Every structure is written in C-alpha cells, then in structure tokens.
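Common to both upcoming complexes is chain A, partnered first by chain B, then by chain C.
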Partner chain A sequence: MNAAHTRGPRWLRLYAAAVFAFLYFPILVLAVYSFNGEGVGGFPPHNLTCRWYAMLLDDSAIWSSVGNSLLVAFFAVVLALAFGIPAALALDRTSFPGKALFRRLVLLPLILPGIITGLSLLMLFVAFRMNLSLVTIALGHGTALISVATTEVFAGLQKLDRAQEEASLDLGANYWQTFWRVTVPNLKLPIIGAVLLIFTLSIDEIAVSFFLIGRNNTLPLEIWSRLRRGITPEINAISTLIFLFSLTMILVWYRLGTRGEREPRLAEELVPGAVQEG
Partner chain B sequence: MHSALPKSAVALGEQPVTRPAPLLSVRAIRKRFGQTIVLRDISLEIAEGEFLTILGESGSGKTTLLRLVAGFEQADSGEIWMGGERLDILPPYARRVNTVFQQYALFPHLSVFDNVAYGLRVQKIEKAEVASRVEQALAMVKMTAFVHSKPANISGGQQQRVALARALVNRPRLLLLDEPLSALDANLRRQMQIELKSLQRQVGIAFVFVTHDQHEAMAMSDRIALLRGGELEQVATPRELYFRPATAYVAQFVGQSNLLRCSVHNGIARCQSLQWSCDLPDGNHTLSLRPENVRLAEPGTAPDNVRFHAAVRDQAFQGATDLLQVECAGGPTLLVRVPAKGPLYGELEFEFSVRDAVPAPDSEES
Partner chain C sequence: MFSRAYKSAITLPPLFWVATFLLTPYALLFCYSFWSVSPAQIIVRQWNLENYRELLRVSMYPAVLLRSMRIAASVTALALLLGYPLAYYLSVHAGTRKHLLYQLVVIPLWVSYLVRAYAWKTILGSDGVLNTLLQYFHITHHPLGFLLYSPFAVVLTLTHIYTPFVFLPIYASLEHIPRRLVEASQDLGAPPLETFWRVILPLSIPGVLAGATFAFVLSLGDFLAPLLLGGPSGVMISNVVVSLFGAAYNWPLGSAISFCMLLLVVALLFLTERLEKRWSFS
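Let's turn to the complex of A and B:
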C-alpha cells in the first residue's frame, strides 16, 4: 500500500479512536473510582481497594433490587416474545389492510420517549385500579419491548427459506409440526438475540419503571434514589458491574449475529440508538 | 443418420404401450395469478412407474403444474385424481406424493440422517424401522458415509442425493422433481441423469420431472409433456416429439430444425427457390426438416431426393459433426449437419429426402 492510500484511513482511524474514547472514557473513570480508597473525592485516585465491592456485597437493599430487576426482566422477555413472535408471523405470512402502517406502529414504543410510555401506562393502570408493583413494571417493559421481539423475529422470518416449510409439509408434517420442527429451529438465533436484547434493555430501563414503581425498587431506581443522597463509591462499584454485564450481553448478541450473518434489522434502520442503549 | 429410415422406424425400439388405469390424472386444470393466466385447461395422465417430463421455457407454467400436484397451490378450476382418489382437495401432508425441490430445501439444522428420517418420524413410525429404512435409502443414493454430516458441509451433488433419499424413503406413489439438476455443473449433471433414470427403474415409482433442458428431457423420459404459455403443445415419447413434432414450436424447441414455409399446388411444393413433388393438399404448409436429414449430395442416391446447390456461410465444429449454415441462391438458408471431415468452402450440392420434411403447423400465437 502506498502512502497516499494510507493517509486518509490513518487520519480516519485516529478520529474513530477519539470518538470511541469520548464514549468510553467516562465509564473508565467510573470504573477506576470504584477502586479508589479515598471515596469519590481526590485526584488522582490512590489507595486502590476492593472495599466498595465488599460493602456492596453486604448491601441487602441493592441485592433485593437486583433480584427485582431480574424478575421483571424475565417476565418482560416472556411477555414480549408471547406477543412479538405472533406479530412477526402475521407481518411475514399474512396480508391485511394497513399492514405497512402496522409494521411501523409496532415500533412506536421504541421511538417514543420512555416518559410518555410510562405516563400513558400509569394512567391506564390507574384507570383499571391496579396497584403499582413489580407486576406493573414487568407489564410496562414487556409491552414497550414487544417491538424488539417483533423486529428480530420478522428479520429471521424474511431470511427463512420457505421451501423448507414446504418440504416439511410435503414429507407429511402438518402445519403445527412444521412450525415446531422447522420454523422455530430456524428462528433460534433471532429469538435468542431478542431475549438478550430485551433482557438487557429491561435491566437498564428507568423512565417507564419510574412511573410504574410500587414499593419494591428495581436496580436502576435504587441507584437513582441513592444518588439523591450523593454519589458513593459503592454506586460506582455496582455501575461498573452493570456495565460489564451489559457489555457481555452485547458481545454474546454480536457473536450470534455474525454467526447468523444477520441482515440490518428494522429496529436498527429506524432507531439507530435502540441497540446501543443496551 | 436417421434419414434413411422409414417413418415407421420411429416407433421401433419402444415396446408397444398398453396403458393401464392412470396413476395420476390431471383434468382441465386452470390457474391464474392475479391477471396472469398460468395454466389453461391442462389435462394429463401419468401411468404407474412412468417417467414423465414436463418440459418448457421459464414462465410456461411447468413449476406451477408441479406445485398443484404437490399441494402448494390451489387450482382455480379442474381436478386432480390419484389412484381413484381426489387429490387436489387434500392438504400437501396428506398426499402420497413427495417432492425433490430445486434448491433441495434440506433442513440445515438437521443431520443427513435426521433429514431423511423426517418424514418417517412425523408419521410416528417405530424407531428401529426408521433407522433401517433411512439406512436403506441412503445406501440407495450412496450417501451412507455422510449420515452425521450437516447439509452445509456436503457438496451440491451430495445434497441432491440426500434430497432424493429424503423423498423416496416415504415410499410415495409419485415423485415430483422440480429442476433438480439445474444447480449442478455439466458433467455431474449428465452423470446424475443416468443415475436418476436407473434409480427410477429400480424403485418403480412414477416420476414427474420438470426441466427447461430439452436434452435432459430427451435422455431420461418415457414421455415428455411440452408446455408453452400455460398450454400443452404436445405430449409424446421423446422420439415421437423429435421425429413427428406436432407443431413448428415443438420442432424448434426440441432439437434444431429448419422450418420450411412452403406453398403446395397440384402436388408440387415450393419453398423459395426449392421445389419438389409431394402428397400434401393444396395450400400453405410449414414443414420441419432436421439439419441431420440434409446431407452432401452423392451420386446414385434416391431419385426423388430434393437436390440443390447452396453456398456454405458458416461452419461450426461440434465434435463428431459440423453444423453448417448454407444459403441457396434465391433462398432459403438452411442448417445442415454433416460428419466432421474438415473445412468446407464455396458452393456445394446438398440433398434431402422428401419424407424427412414433416408437417409441423404453426400454432396460433397466444
């Protein structure tokens, strides 16, 4: 390669590195201070310690909020898949008036600010005289994230070779057997992808949860309520852990994506930020 | 070549066919997609153990016809019967018909064994029997060594064999094959044609084979149904189709042919500068003359042969033969196939037998 060729890319590479640093430097600071012996104050950090992590380990309020968050995320995943997969099938397999509109509308909760989704769900639950609790948060997350399940599975269905389903019918399997033996196994990657994404988004979600919270806090709300009393290194520690968890999920999801050679998904096309938020 | 043989020789080499009750009977099938009529009043019968090829250009409706028999499409009108039972009202999974798909449509998440076992397992056949029948089927297509492979890890030709085994293991009464060889390279293709034909004889199941390749159709079929624009142009044995094309379209689609548009008056046929005596009624006729039925004139051949002088315009070497394009002064220009004996130049004398110019009427353009 000659110099004229590399100059552009080298400059670009530097620029890309700068953007990357801009994104991740604050998180790095957060992570470093979670080991700072002097608490949140003082620069540079010194007396490095794992004390805050030990403290975190003993903090039962944090751990019960982690439990709540996991519970909420689990039911949000179940709910979103239960509604999202049939919606994707309907989009792929049937034609009905207003289908194109429906395809866009399904994405609405992703585009809508969480504050509006949260507020509207709150008003709905109040109108139905439901007590706010983890159930309402799970319902809220589940509804808001149906779109993720729908778009992931829809993309998978579009790539599915329909001749395979015909082959299954041809070999004597009825429609139900064909769905379970051929369609679902072929959608394994998009479904796992949707599960990871919904799970991560639900764990990190704060706006919708804020409106629907009852007596039990989810993890982000627990952190947020503590912030009002000032930042403690313990919060840095839990935040670092959340960051690592999210990073792992993204990497797993990415690995699945490259294995399945995923096409650009609807969610990504319309809401460029939707994926990074996790 | 065949030119010296009388017409009756066409039927030689084929056993006289006494047809039993047909296995499959397609009755006046019509099908349209939106505004496009894909099939118009197709009626066709297939005998037990027969190898029938549906031949046609792309868009002729051949794949649609196959999909109607398999149950993936519904006809607008008409009926399909199999062995005394109405077939077209059954869902695909209730038909004793199996299909080999164009791109094979193997299940990528299942091993070769599980692919072949699929049909037997959904029928809840006993485990031991599944294993033995799958092994048998894989042995038949010489794929026993690949039982544990995934479809993505075997070659196109091997996938083809697995698809065959997967269909035949269910012991269908009829096997449908949708251009199964089109994805293979030329050599493998020829080899598979031979294997497929001998496999069909071995299992004795009726095959309906769809292709756009006339050579393939000629090499493999007991009968060929030639589809054109959703209508059957001719249904006949390969030899009948070749030597007695029902229409000018058939003559040109199956093999190469010179179409002589001539006018007959008082038993004399005229085609531009050529003329000869014939027993056709007065009027305009289109005759099909195969290039191999025209040859360089030799002294002492039959006196009623049509002899003419023509200039060699082009010579294409094709191995055993040369294909010439020759132009008579005052027309017509003809394709002539002669044994390859080196370059030919200038004006030469050619001849053909009147009996080899067969009537092949132009069908109405649709």
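Let's turn to the complex of A and C:
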C-alpha cells in the first residue's frame, strides 16, 4: 500500500513480533511436550523421549480413525466438487428465481456455527431414518463444503475468457466436451485449491461430525474422546503430526504458484456478498 | 451462448442438493422448535410457542446467552486488537518479507481447531506449562487456579483461534487502498497519525467488519472450547443446546435455542453487509 517501505515505528515491530509469538507459542509447546517423558505439563521438560511416538505407532484405534477421516474427506471432496462446480457455473451464467437466496444458502455453513448445521443435518437424517455412520458425516462435510468449491471456482470463472468456450462450441464440440476439454482445464488451479482446502477442512472438522457420528470415530472425534478421559503426551504426538500434515498441505498449496497473484481470499470468501452475482 | 439444456444441467443438480441437504434441515430445525416432548420421551408434533415461552421464563437461558455474547465480544475485541496492527504492519512496513510473514499468519489457521484448544489446556492447567514455569522461576508459589476452567481460558483460546481469521480480511482491505490516496494525504501535509485516522482506517472498515463478524459469530456458537477449558463458569449457550440434545433429551427446546442463534447470526450478517456497503470505497 505504501510506497516508502519504512520499517515502521519500533513499537509496531515489537507488537507484531509479540502477536506472532502468541500465535506460535501453543504449537511450539505442543511439539516440545510430545517428547516429554513425564506428562504433558511441568517446566522444564524432563527425560526427552520418543516413546509417545512409538506408542502412537502401535495405537490401532488412532490409525483406524485416521483411515476413517481420510475416507470421509475423500468423499466430501467428491461431493463438494460434484455440486460446487455446477453451482459456480450457475451463479456465473444463469439467472433463476431465488438465485440470491441460493447463493447465500450455499455460503451459510461456512459462517454459521457448526453446531447449527450439525443439529439440522441430524434431524434430517433422523427424518430419513438413516443410521448415523461415516456416510452421514461425509454427506454433512460434503454439503457444508460445497461453499468452498463454489467460491474458489466462481473466482476462477471471473477471470476465464469465455471466447475459448465459444470457439469450442462453434467448432462443433458439445457442452459436455467443452466442459471437460476447455472449462475444467482452465479452472485447474481453483479446483486444485478447492480440493486441498476441502480435504484439510474435512480432516479437521469436529463440530458437525460431533452430531453425526455413528460407531466409527473420525480422528478429531477419537482425540476428543481421549481428551475427555485424561491426557497423555501421545495426544501431543498425534497433534504434532497433524500440524506437520497441515504444514505440508499449505506448502503444496503455495507451490502451486498461484498465491502471489491471488488475493488472500480464504477469509474474504467467508464474508457475505463475497460472491457477487454474475 | 448457453442453451437452455446447459443452463438446466448446471442449475438443477446443485439446486436440488442444496434444497435437500441445507434448506430442509434448517427448516426442520424451525419446525422442531414448535414441537414438544411427551413424558415418555416421544416428539409430539403439535405446534405451539411453549419452547420460546420457556426460554423467556427460565432466567438461565438469557443469562447464558448474555454470557456467550460477552465472551464472543471479548474474543472479537482482542482478535481485532491483535489482528489489526499485525495486518497494518505487514501491509505497510514489512517490505520484501511481506509474503513470508503473510504465510506465517496463515499457517496456524490450518492447524486443527481441536489441537489448538488442547494445546492451551496443557499450558493453562494447574500442573500445566505456565503454572510450573511461574513456580520454577519463583514468581508464584502456588498454581494459579483461574487460568484453566474459566471464561478467561475460553476467551484466550478462541482469541488464538480467530486472530488469523480477523487478520485476513483486514489485510486484504488494507492492500486494496489505492496508494495515491495515502500519498495525497501526506502531500497535503497530514501527519502520519492523521493520515491513518482519516484515510487508512475508514477505508479498512469493510475488512474490520468482515473479520469481526466472523470472530463474533463463530465464538458465540462454540461449544468445544467451553467443554474443554471453560469449567462450570464458562458454560456457553451451545453447551446448553448440546445437553438438551443429549442427556436432557429435549430436542424441541434445543431447536428453539438453535433457531434463535440462527436468527441472530443472519441478522448480524445482514447488518454487516449493509455497513460494509456504506463504508466501501469505489
């Protein structure tokens, strides 16, 4: 914003450093104490050990919940893309009665506290007489995260040159061929971005899953049930691994090379009216 | 250029899905809030306002709602206090390190909510990192009890979680401010503070509103942080809903509270959108 990149007043620099410290302190503590021999607290850390990680390796309940989470995230991605991409196209290219309401409804689960979406879906599944299971969680995540696919793809569509699609149609390709050979390749980056975001958000999601859980736990719910029973550094260990996983995802996301030119939309898109009617 | 068939093909499937899996559930929530539970614990589908009357009659409900709003407001204020200067620093003074620092703010956002809440629990407990550290350096001699299982712990944790969310839209709106406006203010002789107060701050209000709404709404509806760190004095409105849907088994009453929350959120979003339009520069 400012032409002259002065380093700014000293207090502001210190303040920014303090905020960074606040943001990273808990994560640092978590990682350090995952190696602590004697419990999750106590200063200074004692008897550094890798035994919690070894214990984690043998913990079949955790790993099966990891498997469940991956499965749920996979289907959430498929579901959210299957409906989110057409929804973005529809917002960009058509007008129909109730379009404004539709747009708001799609975005609502992102801004609404998870408990409301979770409970509402619970009532729906009860009304459908569906047993709660990983299926209901995947349906919940997929539906709530259509919003992410829609906003990412919609933003991509704004930059898309429609002449290419027109040319494809003029040259005799049908809509289906045009969609797969022209539209989707042009939207590759937004779609990959959406996949990464949806996948990570689904893996971390707990408030909606909390109400839709059947017999099989997802990873956050498995951790949650352990937290209720008492805490060991094993939870620190799995948390540290989750952090490293998130870090990897975000590095992949940036390596796509899109971040430099793109606006930081991650939170902007959560704002009402972020997706304007096309 | 798009045929009718194409338009239907892209419109109808998402419309159908969203109607079934979003609109219907929210409508069901609305319906449930007018029903009741028989003594034999069966949902009675008779329409009445009893649940809403109960919410007004039993003083616990408004009191807990008020406490939740207080906690959410504190979180919002603190997150703004931390997020705004950080966004300003990055946007104006960070220079070439801007993108690196930006990514450093975003990374904690990707760290599981639960993991961060848990981390604070291990820090604030009476055998926790903070208390043992204070005693190690002989600053205190007994563990400080108010750190964990208190509204303080909930506010601290939620602030930690939502500061990056508040930062992002503020940063985005600061980045959008045309440089010439700032230069014009400086050229016309305004001191830095006045330029900030009369040019930069007003133009960043849309970002502030967006971030604040987000932090307020999501902390208002949170139930996991209070369960994990709040203790009895940190119970929030969503915890009441959770217990009504669990052990207390009164879905209709729980739905009435949830629906009030839904209305509150939608009203807030509406208000923010209005304000944002008024403040936006274009």
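Heads up, the rule we're going with is that the second predicted complex is superposed on the first by the 240 of 278 C-alpha atoms of A that agree within 3 Å, B and C clash if a C-alpha of one lies under 4 Å from a C-alpha of the other, contacts with A are read in each partner's own complex, and residues count from 1 in each chain.
Assume a contact is a pair of C-beta atoms (placed from the backbone, for glycine too) under 8 Å apart; a residue touches a chain by one contact, two chains touch by 3 or more.
Note that the structure is a prediction, hence the values are computed from the model and not measured.
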Contacts of A:F102 with chain B and chain C, given as first, second, both or neither: second
Which superposed partner A:A90 touches (first chain B, second chain C, both, neither): second
Which of chain B and chain C A:Q177 touches, first, second, both or neither: first
Which of chain B and chain C A:G230 touches, first, second, both or neither: neither
Chain B versus chain C as contact partner of A:A167, first or second or both or neither: first
Touched partner set for A:N186, first chain B, second chain C, both or neither: first
Which partner, chain B or chain C, touches more chain A residues: C
Chain B/chain C common contact set on chain A: 166, 169
Residues of chain A that touch chain B when the two form their complex: 161, 163-164, 166-174, 177, 181-182, 185-186, 188
Touch list for chain B against partner chain A, complex: 70-72, 91-93, 97-99, 101-103, 105-109, 118-119, 122-123, 166-167, 170
Touching residues (chain side chain C, partner chain A) in the complex: 1-3, 5-7, 9-11, 13-15, 17-18, 21-26, 28-29, 32, 82-83, 85-86, 88-96, 99, 102-116, 118-123, 125, 127-129, 131-133, 135-136, 160, 163-165, 168-169, 171-172, 174-175, 177, 179, 182-183, 200, 210-211, 213-214, 217-218, 220-224, 228, 238, 241-242, 245, 251, 254-255, 258, 261-262, 265, 269-270, 272-273, 276
Partner chain C, residues of chain A touching it in the complex: 1-3, 5-8, 12-13, 15-16, 19-20, 22-27, 29-30, 33, 39-44, 82-84, 86-87, 89-90, 93-94, 96, 102, 105-106, 108-109, 111-117, 119-124, 127, 139, 143, 146, 162, 165-166, 169, 175, 200, 203-204, 206-207, 210-211, 220, 223-224, 227, 231, 235-236, 239, 242-243, 246-247, 249-250, 254, 259-260, 263-268, 270-273
